[in-house]
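Here it is: the structure, laid out below.
Should a chain be cited, it is by its letter among A, B, C, D, E and F, assigned in written order, with residues numbered from 1 in that chain.
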Amino acid sequence: MDINTKKVTKNAYRITKQRYKTALRVRVPGGRLKAEYLEILQKIADEYGDGDLHLTTRQGFEITGIDMDKIDEVNAIIQPVIEGLEINQINPNTGYTAAGTRNICACIGNRVCPKAQYETSGFAKRIEQAIFPNDFHVKVALTGCPNDCIKVRMHDFGIIGMTLPQYDKQRCVSCGRCVEKCTKLSTGALTMENYKVTREHDKCIGCGECVLNCPTNAWTRNEEKFYRLAIMGRTGKKNPRLAEDFILWIDEDSIIKIIKNTYDYIGEYIDRSLPKEHIGYIVDRTGFIEYKKWALKDVELSPMAKVASNIYWGGIRY
Amino acid sequence: MIDTNVYMPIKSNIMEIIQHTDVEYTFRMAYKGEVKPGQFFEVSIPKYGECPISVSGIGEEFIDFTIRRVGKVTDELHKFKVGDIFFIRGPYGNGFHMDDYKNKEVIIVAGGSGLAPVKGIIDIIHQQPKDYEGFNLLVGFKSPDDILFKEELKIWNEDLKLILTVDGAKEDYRGKVGLVTQYVDDIIIKNMDNVAIIIVGPPMMMKFTVEAFLKRGVACENIWVSYERKMHCGIGKCGHCRMDDTYICLDGPVFNFSKAKHLYD
Amino acid sequence: MKIEISKEDFNKSLHRLGDEYRIYAPVAMAYKGTFSDTDSIRYKEINTLDEIEFNLKSHFSPKEVILPITQVLFYFTEDQYKEPETEKKKLLVFLRACDIHAVKRMDQIYLENGQRDPYYQEVRDTVKFVLIGCEKSYRNCFCVSMGTNKTEDYSLGIKPVGDQVLLDIKDEELNAYFFGEEKDFEMNYVTSNDIKVLIPEPHQIAKDIAEAPLWREYDERCVACGKCNFVCSTCTCFRMQDIFYKDNENNGERRRVWASCQVDGYTDMAGGHSFRKRHGDRMRYKVLHKVYDYNKRFGYHMCVGCGRCDDACPQYISFSTCVNKLHDLGKEER
Amino acid sequence: MDINTKKVTKNAYRITKQRYKTALRVRVPGGRLKAEYLEILQKIADEYGDGDLHLTTRQGFEITGIDMDKIDEVNAIIQPVIEGLEINQINPNTGYTAAGTRNICACIGNRVCPKAQYETSGFAKRIEQAIFPNDFHVKVALTGCPNDCIKVRMHDFGIIGMTLPQYDKQRCVSCGRCVEKCTKLSTGALTMENYKVTREHDKCIGCGECVLNCPTNAWTRNEEKFYRLAIMGRTGKKNPRLAEDFILWIDEDSIIKIIKNTYDYIGEYIDRSLPKEHIGYIVDRTGFIEYKKWALKDVELSPMAKVASNIYWGGIRY
Amino acid sequence: MKIEISKEDFNKSLHRLGDEYRIYAPVAMAYKGTFSDTDSIRYKEINTLDEIEFNLKSHFSPKEVILPITQVLFYFTEDQYKEPETEKKKLLVFLRACDIHAVKRMDQIYLENGQRDPYYQEVRDTVKFVLIGCEKSYRNCFCVSMGTNKTEDYSLGIKPVGDQVLLDIKDEELNAYFFGEEKDFEMNYVTSNDIKVLIPEPHQIAKDIAEAPLWREYDERCVACGKCNFVCSTCTCFRMQDIFYKDNENNGERRRVWASCQVDGYTDMAGGHSFRKRHGDRMRYKVLHKVYDYNKRFGYHMCVGCGRCDDACPQYISFSTCVNKLHDLGKEER
Amino acid sequence: MIDTNVYMPIKSNIMEIIQHTDVEYTFRMAYKGEVKPGQFFEVSIPKYGECPISVSGIGEEFIDFTIRRVGKVTDELHKFKVGDIFFIRGPYGNGFHMDDYKNKEVIIVAGGSGLAPVKGIIDIIHQQPKDYEGFNLLVGFKSPDDILFKEELKIWNEDLKLILTVDGAKEDYRGKVGLVTQYVDDIIIKNMDNVAIIIVGPPMMMKFTVEAFLKRGVACENIWVSYERKMHCGIGKCGHCRMDDTYICLDGPVFNFSKAKHLYD
């Protein structure tokens, strides 16, 4: 059997340890799916795979033990899932079109989680529509709040919900709960002065604990959605590192534009001699300042947005 | 605004300031009006706030407030000098009904600043001892440095049966040492049915002192206590001083223990 | 007088009323809920009928209209006390039966428990109530158990039906504003709730109820946030606050703000002593006030059964469940 | 409805944004499950939930929109999954016994992935058996190789597979592929000297790239399994940080013992006044040295193991 | 002579043979595979039958036994050339038919293409081959297409059956070691493979085959790791290496080590020029050697169809598929 | 070990060293035996390695190696002095058959170090020019600094038809500039059928020079080339010099172009 491994992996199948067996990675953008699709996954696992599934590290299912020569058949069966999850696909019944840009992950977000500032899966799908399919190796993750359950700080683009708390001092009863919670759970951006609360904007990470804990609705959320965009975090052998803040209080459209711009930047700078070069290493090569120039091209940030003038990544170096 | 604003205080002049300890002073304020021992005023300094203070002395044209520095308002008060003005509204609460104690063996047990609200009663009894079958005063303070009304205590010590004790003191202290409860049994009660016991002080001190007297066989009805709670308004609105169906500011702070024993926080 | 008018005409009347009245009603305020992308339904000045949230229970009660959360008592110019200007407009408040019953509880404290509160009195003298009937009982409501499901004590009853509005005008003064065809109708009110509360008779409450193990459960569960108090239509506690203006230290003000018996600091006395440190004791203090202590003092229950405390508790502590437990305890002890 | 939220959450149900609705978190230790269980999940989602599932950030399914008063019924239905996944449970048909210690996550490991050094799901299950059920908030994750797809460096315990490469210089043809791959993909621990390869042990992270890329099997793996144990990484509002290396070249049994010891340490030092104190913050309070004393109690490390003398965590501080 | 002996007796014979022979056979070496927890099946000195992996195809061919991966040609003592000591024992190698055919290819180069290679000759003179018959064809095998599925060219044929071992002793010398009952049997060999390879006739290979687009596919796919060469039983390239000993710079050695025409550097000349930078060209160089160039020079095909190159390629490039493509190309062009 | 080890080199003395450029020297080594121009030896230094070197001069008792410093072995070689010893084995390969060129118009085109392997032929023709119908020598180097055999070139320039060109030079260089291919047409060929063209140099130079002659109408059969490849063993084992079915070390390095044109790498 002669197999073009690059085509296989691009098609979201893996070259596994077991020769001539592959594994299909069914990605679920934003992590949310209708239960009815489980039936299809089960069918593939039982009829084509080894009956097992692995829940991937990026919110997907990896159906293991599929014979490589069954890829076309499996692609036909998985089609309703691809369609149902609104995956951008170029040719129907041929499976995934590309697997370079990884599944866009999202914590459960504000459909369920009280801490979340926005509907993460929905935003994930918007980004999905904007950037898929794409061969460049880019990882995007969205988290509803700075608790960061999805670990966006190990992604190329980490999107963290921020709320801009609104304070109605007439409603404040000086109970001090917001100050206490902000101090204990968050960054201590609130202080009580003259029985009313002062918020230090530069310290505030927009976590919303003040709103969540205010018993009188003196603290409420802004109608506008804001985000913290942290970039170029990564795991890996050489230099695992945390994503660092690029833009605070950024809006949704600007984030999408920046990610799209980043693909242009990659196209310009990627070292095509390597099997795949991750965006973080490209930025290491060109320097952040060059990246920033590309990323912010034609991006119109609101006056609220605060852009890092430079970023110095840390992390562990081996 | 409506005609009478019950929250509006009146100005009062400081006539005299007596320092008891580093942090406790008695302010003698110009005041005319009927006031009973045990009643309290809301003493206020604009922009600093109000706090409920019991009257610790009552004269024709003055009232005394013995005030401990424990917060924003009282800290500020202690900067005031004779002739300065501050604001008061009151009197609030029921106070002690002297009639209840007439012709009885009166025993007053006061702990710390609890001496202030009963000082008016002591003064009355001290002035007219004949009206009472007897009078014992048992006063406790944390330490010798915390003793209030030292001058008065000296005089009372000469005229009255006074036990003065401190919770603790350095070795060279020559007075009594120990909690007031240790001295309850030293007080001679001639007739258990004709005794009137007034107990004022910190919550724990009151609780155990009451228990000590009950143990000696004193009936609830012969015990009076004065409760201190956080009274923001003094007029039954703010809710803070409520204990079950009772508002301390309206219905107290002085309670016969037969009532008080049913109050819970 | 009972009449029917069109929404359009009603809004015109509201507009005219606006010259004399500030009109408050429950409004679903988008994005203003505790959680992101949720509404907060609370009282707000309105101009038209459509702004009013008729279908859902408001999260906060109308008490904040007549008893502001923060209320200035005095302005200080150096050492002078100056009362705030008197509000010139009267108030018209849309609310439900239970909330009208709750006003009686506020009146009890502010007007009758000791001296009259002049600030409350001033507002109270100008306020007129518009009853929103309840088509259905909401989750956690137990007004029927409390006898607060129905009221006649309103100036205007309103019943929107399609594009029409049925009005029951009881306050003669309001006749001048609403002109429509006379039409008989009954105001909606609920006759049963999913939640039924059995309140122990006073004698069923043991003297040592404070020691009952019942409360200990809440030591762990209650987080002492005070939401139950702040959403309650009958809680009336406040605290006083004096401040300097940061911009001019010579001036300042004295305010009162709502207080909660559940929140830390409620019982703190100058000097540091405080009572009811255990959250279960605070729960007991609150619960007994609503269904026992208040009744002992004033002869009727404080609680009006709106269930907002249950709606609001982040720990899903149910007041009504607790009262029923109290009742069962009373039965056991009988 | 009166609900003890602590009991609900302990039972692996969530207090959601939507009042009186809960969500069941079905955790899959090590991420691997038989496809047949999907049927049960689908049933719960369709009959009790809102028909949707969310793939959690820790390899589980969150079945959303369940009425809180249906918890008991759902617990009965989910029982076969709990049993099938060998979850330690105290009372059958009562759902999960505790949810404090989080699902033990694992990348797909060496059942499928060529880069993995060990069977991650199996080791995950061993740890699961050793520490569950437990209320203490501890996060453990296992990754097959230092590529760290599961992002163990954001966990309290990050277990990274290491291989100790064995070099048969007779088989080496000096093709240089191992040196090239080690330099480009890994830490550059290999150098070519006299046409044969020298490995710098202290630089070697045991990624196995040399073995994977050696065309002659000159590089092979040691039969013994080794791991890198990195500890006290975290996300969060105050100080997201990377787990730092605690012990290199550690064995499986010692890891389990250390984790168990850590629970003793938590029991001793946790601040019970807080709703939950994460292990990382406890270590912040007591200092690493005290933690280390507890962690290594009765642990018999092999001479290969290299223990950090001290750890200074970094990360972002807000 | 064909005999049957028990495994036990066979092992005893092996033991005795061990005095004179080093015995090599394919062994499944646990944990030594490319991937973790996998075996590597390759040649190793053995003592008993049970150590031999009979059921699977070895990953590496037996060529490493007779043509060591690293072989010292000379030891240098300062400027003196010293040849290594001669190995005293003879060799007995267990292997399959295709691999025996492969030995002929090695011989061709090392003994007949130009001068004889003395190092190879020395080993070759002492080696005897034990044929392991093939019960079945393995994945990627195409020996039948190459005519290498069967051989008579062995000293001993072995066919383990249960606890017995059937032996076909062709080398008289070995008769002295194995004593058993005579028993006739046929050695296993496969008569068909799943993979069939059609090899273009020499005239079907276009002169400008190097320019054929066919190869370009491999530019991208092939990673030039050389595995196909190193596992191949017929690849024989080597390179020379001189070194100083790190411990004593005065001494050193000259070795030869296997080389691969797929790996970078194979064609590098002093001065920097190199050929076949494109991986597809290297693929072409290898493929044509196996089924065209070698044949042109020596009259038979180099490739023996063992399929190890296909087994080993990390990129799943199939040699046999490529040869078939080449064949199709030849057909098209006819 | 077996009796004869073909890998075993023999010692050879350095008789003379001639420096051509900074990096190119000719070593004259003591050697007796038959050697043809175009053949090569494996020159080795123990512990440094071997490398194939063409003979650039052949005498009764010597052979010349013109060696460019390009690697480990040649770097080391360049440290050697007259009288030092290094090791050689050979000769390998076919070399040029002078018979092929007898009585023909011989044209030799050499590029850079490609001059070394043909220098032996030039020497022969130079010595016996009568044996050939004519002789043209076209030599190209990268730059004036890279010119090899300067002394010889001077002599040849006097005796033979020589075109010496460099690819590039500074402005003040007065010789010819340009690739050798530019000068191919300057060579007069009298009889296309009786010409023998020998082309040796870098791969690209050879390719284009051959093309230039083919374009002029020279038949493949009248062109000879010498190919350089990486020859580890020199004896048809190591495989590196193989081009299709041909081993350069055995079958070359000298090929008639009618054969060479079919060789592909």
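List of remarks:
As a working rule, a residue touches a chain if its C-beta (ideal position, glycine included) is under 8 Å from a C-beta of that chain, and two chains touch if they have at least 3 such contacts.
Note that the structure is a prediction, hence the values are computed from the model and not measured.
Number of steps on the shortest path from chain A to chain F, with steps defined by chain touch: 2.
Separation of chain B from chain E in touch steps, taking the shortest path, is 3.
Among the remaining chains, not one touches chain C and also chain F.
Of all chains, the one whose mean C-alpha position sits at the greatest distance from that of chain C is F. When C-beta pairs in contact are tallied for every pair of chains, the largest tally goes to A-D. Annotation: the chain A:chain D pair of sequence copies touches via predominantly the same residues, more than half of the used numbers being shared. Between chain B and chain C, the centres computed from C-alpha atoms are 38 Å apart. Chain A and chain E have Cα centroids separated by 50 Å.
Measuring from the averaged C-alpha position of chain A to that of chain C gives a distance of 44 Å. Distance between chain centres (mean CA atoms), chain A to chain D: 21 Å.
With touch defined as above, residues shared between interfaces to two or more other chains in chain A number as follows: 15, 17, 110, 114, 116.
Touching of two or more other chains is recorded for residues 35-36, 239, 241, 243-244, 259 of chain E.
None of the residues of chain F touches two or more other chains.
The touch graph of the protein chains shown belongs to none of the named shapes. Applying the touch definition to every pair of chains gives A-C, A-D, A-E, B-C, C-D, D-E, E-F. Interface residues of chain D, counted against chain C in their complex, comprise 1-6, 15, 17, 19-20.
Within the complex formed with chain A, the chain C residues making contact are 30-37, 40, 42, 59-60, 68-70, 225-227, 229-230, 239, 241, 243-244, 246, 255, 257-260, 263-265.
Within the complex formed with chain E, the chain D residues making contact are 110, 114, 116-119, 161, 163, 169-177, 193-195, 208, 211-218, 220-223.
Residues of chain A touching chain D in their complex: 14-18, 23, 28, 31-36, 38-39, 41-42, 45-46, 49, 51-60, 62-64, 105, 107-108, 110-114, 116, 121, 146-151, 153-154, 184-187, 203, 205, 207, 235-238, 240-242, 244-245, 274, 314-316, 318. Residues 73-74, 76, 78-81, 83-84, 86, 109-110, 113-119, 121-122, 207, 210, 236-244, 251-254, 256, 259, 261, 266-273, 275-276, 281, 285, 288-289, 292-294, 296-297 of chain C are the ones touching chain B in the complex.
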